[in-house]
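Structure first, commentary second.
The chains carry the letters A, B, C and D, assigned in the order they are written, with residues numbered from 1 in each.
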Amino acid sequence: MSVELLKPELARIVRIKPMVEDHHLFQVRFEDAETVESFRHRPGQFVEMSVIGSGEMPISISSSPTRRGILEFCVRRVGRVTNALYRLPQNSLLGLRGPYGNGFPIEEMKGNNLLIVAGGLGMVPLRSLLWYALDNRRDFKEITLMYGCRSPAEMLFRYELETLTVRDDMSCLLTVDDKAGQEWDGNVGVATDLFAGVEFDAANTYAAICGPPIFYKYVIQKLLERGFSKGRILMSLERKMKCGIGKCGHCGIGGAKKLVCIDGPIFTYWDVVDMREVI
Amino acid sequence: MTRKIQVNRVARVEGYGGIQVEIADGRVKDVKMNILEGARFLEGLVGGRRFDEVPDIICRICAICSAVHKLTAIQAMEDALGVQVSERTALLRELLVQGGNIESHALHIYCLALPDFAGVASVIELNSTHPDTVAEGLRIKKLGNQIQETVGGRAIHPENAVIGGFGRLPVADDIKRLRDGMAQGLDDVQALLPFVRGLEMPDYREGSSVYVALRNGDKDFSFYGDRIVCSDGAEYPLSGYKELTNEFVVPHSNAKHSRHNGKPFVVGALARLTLNGDRLGGAARRAIDALGLVLPTTNILYNNHAQVVELVWALERGRDICERLLEMGLEQEKPVEVKARAGVGTGAIEAPRGTLYHQYELDEEGRVVKADVVTPTAQNLSAFEHDMRAMVESNQGDDDATLRLKVEMVVRAYDPCISCSVH
Amino acid sequence: MAKPRIGIYGLTGCAGDQLAILNCEDELLDIVNAVDLRSFSMASSSNPEGEIDVAFVEGAVCQQRDLDELKEIRSRSKLLIAIGTCAVWGGVAAARNDIDREKLKEKVYGPSGSFLESLPVKPLGEHVKVDLAISGCPIEKEELINSVASLLRGDLPLLVSFPVCTSCKMHEYECLLVKRGQLCLGPITRAGCEARCPGLNRVCRGCRGPVDEPNAASEVALLKERGFDRRDIINALATFAAPAEKLAEQIVGKEPACQSAQDASQAEKE
Amino acid sequence: MRIIKLKKEHLRDFVGSLSAFGKLYAPQARGEKSFVLKELKDLSNLRLDYRRTILPPKKFFNRPDETILNFSSDNGYQAAADANGGRRVLFGLHACDIKGLEILDWVMRDGYRDEKYFQRRERTAVIGVSCEPDESCFCLAMQADNVETGYDLFLSDVNSCYLVTVRTSLGDDMVNANQELFQEVGKDTIEAFKKKTHAHARKLDDMCDLSVSQMPELIELEYMSDIWKDYAKRCLSCGSCTMVCPTCTCYDIRDEVELDQQRGTRKKRWDSCFFPDYAAVAGGENFRAEAYSRFRYRYLHKQDGFVAKYGRSSCVGCGRCIEICPAKIDLRDVIKSIEGVT
């Protein structure tokens, strides 16, 4: 075995599904059959994905550990490596290493209600948790998803999520800031508006949240108002990362008291509430 | 009837220059080498700068001859400040000059001039017809760069050369590597001789015929010299270069022109060989014979041949310098301490394209009061026009395209460095 | 995939960056084979020009002719890459834009040079949009080859952005500023040269231009503290990147930006 | 523990013999006033009078710039051969640097154990030597004036001889291979050693009036203080202090592809939290966009975050960052400013 911790394994893009503009879903399978078998991840974990020749970047695993074999990544095209990824045709090889990060504390969350609040691209890591919970439905009590996007055209996994709205074993609330003249007959308003009219048993609920920086501020405020204790608010943080394994230093928060890559990316609000430079 | 031959931008030369020829009723009316490269006024910009800053700035006149610009500036400053350098330094400097010369000559011969003779547009195309020649040429060119990197610290704008010596001396192993490279270079260049000998030379009558070069003592063929000699018999001390060059401004050129006694003159490889070639021995002498080069000649196209001879000489001379350095040993020595003082100093070294002069006047703080740089290409510009005219007159029967190529070949034979000429 | 159409151009400068390309003796043929070379007049007499994907432009804008050419190149290039310090920062020719061009002309060419047309020297970015800047006087071969390789993939090259001091430390060169009290610009100069000059016992003169956020005020102050002549400091800053570093003079001249600058100007008054 | 005596006249012979245990590195002069740890090819170049080397020994284990992987478009990624994996002997490290390596070990072990690092560590013998402090040293305040572990042998200068503490079996082998050079420690030497130790401690104590005991709290309290902004005005963000620090470990990763687009290398190079792009992410967000927030981060990390995680500051008081800062920023002054004791 190689002593090089930073060595990626080869994986193949089996399918590329364009979702919304500049967001594609990449279905990927490791080349090595044994790795396909042995790879295990928790919802909320991520991988370091390499586009051979261009570079490497952290990407959340968007598929649930309950769906094995193929890993799904939803990547937004923003810069150098993501652009390079978008140039790859189906069937191309990639490098993957991981899974990294702590992931959601599933064991602890079991037996509780689950509230998932996502904004924009924040749906990506939470989708893994959502499907994990739905596939292990009996492990959780009530499951609620609140997902807000700027416009219908920016809603990730829209089709998939709309099918959830008819399920009676969960409640799926979708909203857009603005219809922007597009076809949409759901809620209009920011994600926090969805809290209106929903009752929580805060003491028996875990809230998992992910979204853009400003989103955290408002959602956390709402959750605290509803009596959530800080330790039950779980959030996924994003920082610059190079190694993903706690060595390169870039993702330090609070004077590197915590490294997002190994201590996170999932933190409870309590973990970071007193920490500098977090939100 | 007027016939016009025009080249908007001469290709395969450094810098931006065009050619304009006008023939009216069978007579060549006008021949102009339009130097269009922008003026940077570097001589003006170094005003007020401390002496030790100047070589680093002024060498930016030209990349191809940056080593020799830097060393000529250093020489001028040392002249003004009364600095004597060690023998080791002097040898290393000459090695650096040879490095620049090898790189520049190889670049010119293989990449810029040969394509003309082979009827192709560039060295890239030449590579498909003559891959071995190109490989040899690039190898020699690379060696020239390695010498400059090893001795000068960088292939272009060699920062290691300073007033008083070098920042850091190369070590013996580096010099050995260069020496071995030079031996390989001498092998590589052999194949070129019959090839160049076989080239068909467009002919023309009465080219420029006054040649000027530096001359060193009474035995050496060298790029350094203690006096300036002209083929018309005139001789000047280095500091008297202005009497030779008499620079003046012409309206169609951003570069000044030079005339000696009212006549164009030629500097460069052909001039050096014409004036000092009898001092050559060894492989260089054999190269002259192998090329069938007959001197003197008034056909500037033989400057290409002369460069080949000098390339052979430079490789041999470079190898000898390396041997000498290895004998001496290469203990680190610090640059000579220099004290600022007022004075005027002149530097003159043969650059690949001909004699290069730098002169600086310093005040008591050692800051530049006045700077003057006369470059080889600027000296040659009048001769360019003279020779192009002769070429056109002798080949009027050619169609435009052929004639255009022939005047361009004249220009390229001079291996002009247009940035240098304007600076 | 079609080969990218490339043009290599030189405005006013020493041709060092074009020569640096030609100095890639081992890679040159691979490079040209991988691209559709549309223009490189320093090396070829066949220059079909036309629309190009990437234009590499060397040299600064010193005259109207440069400006016209630059705009023309820009108009038919998808990406325009400034190569070399002249193109990126102005280079040595831009050192004294404070001197009136007419005066300079008179000084160098005398009265008969009045026909010469000349502009205050500016880097490309002052006139047109520059998509990428590869600085260096001249550009470094390694950086060039890596950049070309990246561009061939369709990626923007990754260029070094940290200062020369960092490189100097990685090579464990003795600090000329701290240990020998010399006027070194390494702290505010963009690396990528592997700290060539300190490695040669020579100070960094800033030939690669400043880093993204140079603290020039502090550099000036610390040099003054060490007793350097104000003129030499300003000259040094203005050697290669005057258009950028003239700033330093202003910052320090008008309001001492930091403690040590204050001390220095205090000392000067006394 | 075994302690024996090596007469100074035997030092060279002993050092010379160490190359049997690996490539020998020792402090030597660089330039006019600097020192580096480099391969000792000529014993007469050994300089035990050095105060500190430009780079700390971390450079042997975490290289400034190295290729970690080779890749090709069809074969994926392969670990690059380790050019630094051979046996080595580092001779002449000071206590602070040995402590620095120990701290580095914690970081490299934490979470994912960096096997390559530990392979290099395990193949490297460390021989410490006592030191003479200078005005930039403050190891005492950082509890790094003495080390009990982290070395194979430690030589304490006692006038005409060294007391040699043998800490490991490998150290024992080194001594045994040269038995004739060593002697038992006599009473006089013990007395001399005590005196010297005492004097050394006194000297360190006199030199150092720094205390960092409340740093985490104070940094927390002074998080918004103007102190950071004042220092940041002087700080050049040149990165020097982080490069030379024995315990700074940040690195950047980049890919270099060859012209043929088929092959390339992945490289790792030291990075610094002072650089503007250190915490900048795609889309223009920068978690530490202001120079002062980056300046502050270094202290936040070394004197607060690290303490929270490992129970001590990651600074070992080697003084490198103080000596090398072109802007003359002295970490001790920053600490004192925060403590309000200037």
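Just so we're on the same page, contacts are C-beta pairs under 8 Å (C-beta built on N, C-alpha and C of every residue); 3 or more make two chains touch, one makes a residue touch a chain.
The structure presented is a predicted model; accordingly, all values stated were derived computationally and were not measured.
J.: Could you tell me which chains make contact with subunit B and subunit C both?
T.: Common neighbours, subunit B/subunit C: none found.
J.: State the chain with the largest centre-to-centre distance from subunit D, centres being mean CA positions.
T.: B
J.: What chain pair shows the greatest number of contacts?
T.: More C-beta pairs are in contact between B-C than between any other chains.
J.: What's the distance between the Cα centroids of subunit C and subunit D, rounded to whole Å?
T.: Spacing between the chain centres: roughly 36 Å.
J.: Can you give the whole-Å distance between the Cα centres of subunit A and subunit B?
T.: The answer is 65 Å.
J.: Roughly how far is subunit A from subunit D, going centre to centre by Cα mean, in whole Å?
T.: Chain centroid spacing, subunit A to subunit D, equals 39 Å.
J.: If you average the Cα atoms of subunit A and of subunit C to get two centres, how far apart are those centres in Å?
T.: 44
J.: For subunit D, what residues touch not just one other chain but two or more?
T.: Touching at least two other chains: 254, 257, 261, 264, 271.
J.: Send over the residues of subunit B in touch with two or more other chains.
T.: none
J.: Multi-chain contacts in subunit A: which residues touch at least two other chains?
T.: 53-55
J.: So which chains actually touch one another? I want all the pairs, not just one.
T.: Applying the touch criterion to every chain pair yields A-C, A-D, B-C, C-D.
J.: Using the touch definition from the top, list the residues of subunit C that touch subunit A in their complex.
T.: Per the stated touch rule, the residues are 153-156, 158.
J.: List the residues on subunit A that touch subunit D in their complex, please.
T.: The touching residues are 2-10, 31, 50, 52-56, 78-79, 82, 93, 95, 213, 238-240, 242-243, 245-250, 252, 254-257, 259, 262, 276-277.
J.: Quick check: in the complex, which residue numbers of subunit C touch subunit B?
T.: 10-20, 22-23, 25-26, 28-29, 32, 37, 40-47, 62-63, 65-66, 91-93, 95-96, 99, 104-105, 107-110, 112-113, 115-116, 118, 121, 137-138, 196-197, 199-202, 205, 207, 231-232, 235-236, 239
J.: Using the touch rule from the top, collect the residues of subunit C that touch subunit D in their complex.
T.: For this pair, the touching residues of subunit C are 27, 30-31, 34, 145-146, 148-150, 152-153, 158, 161-163, 165-166, 168-175, 177-180, 184, 186-188, 201, 211-213, 215, 217-219, 221-222, 225, 257-260.
J.: Looking at the complex, which residues from subunit D come into contact with subunit A?
T.: It comes out as residues 68-69, 71-74, 76-80, 107-108, 110-112, 114-116, 119, 219-220, 223, 249-255, 257, 261, 264, 266, 268, 271, 273, 278-283, 285, 287-288, 293, 297, 299-301, 304-306, 308-309.
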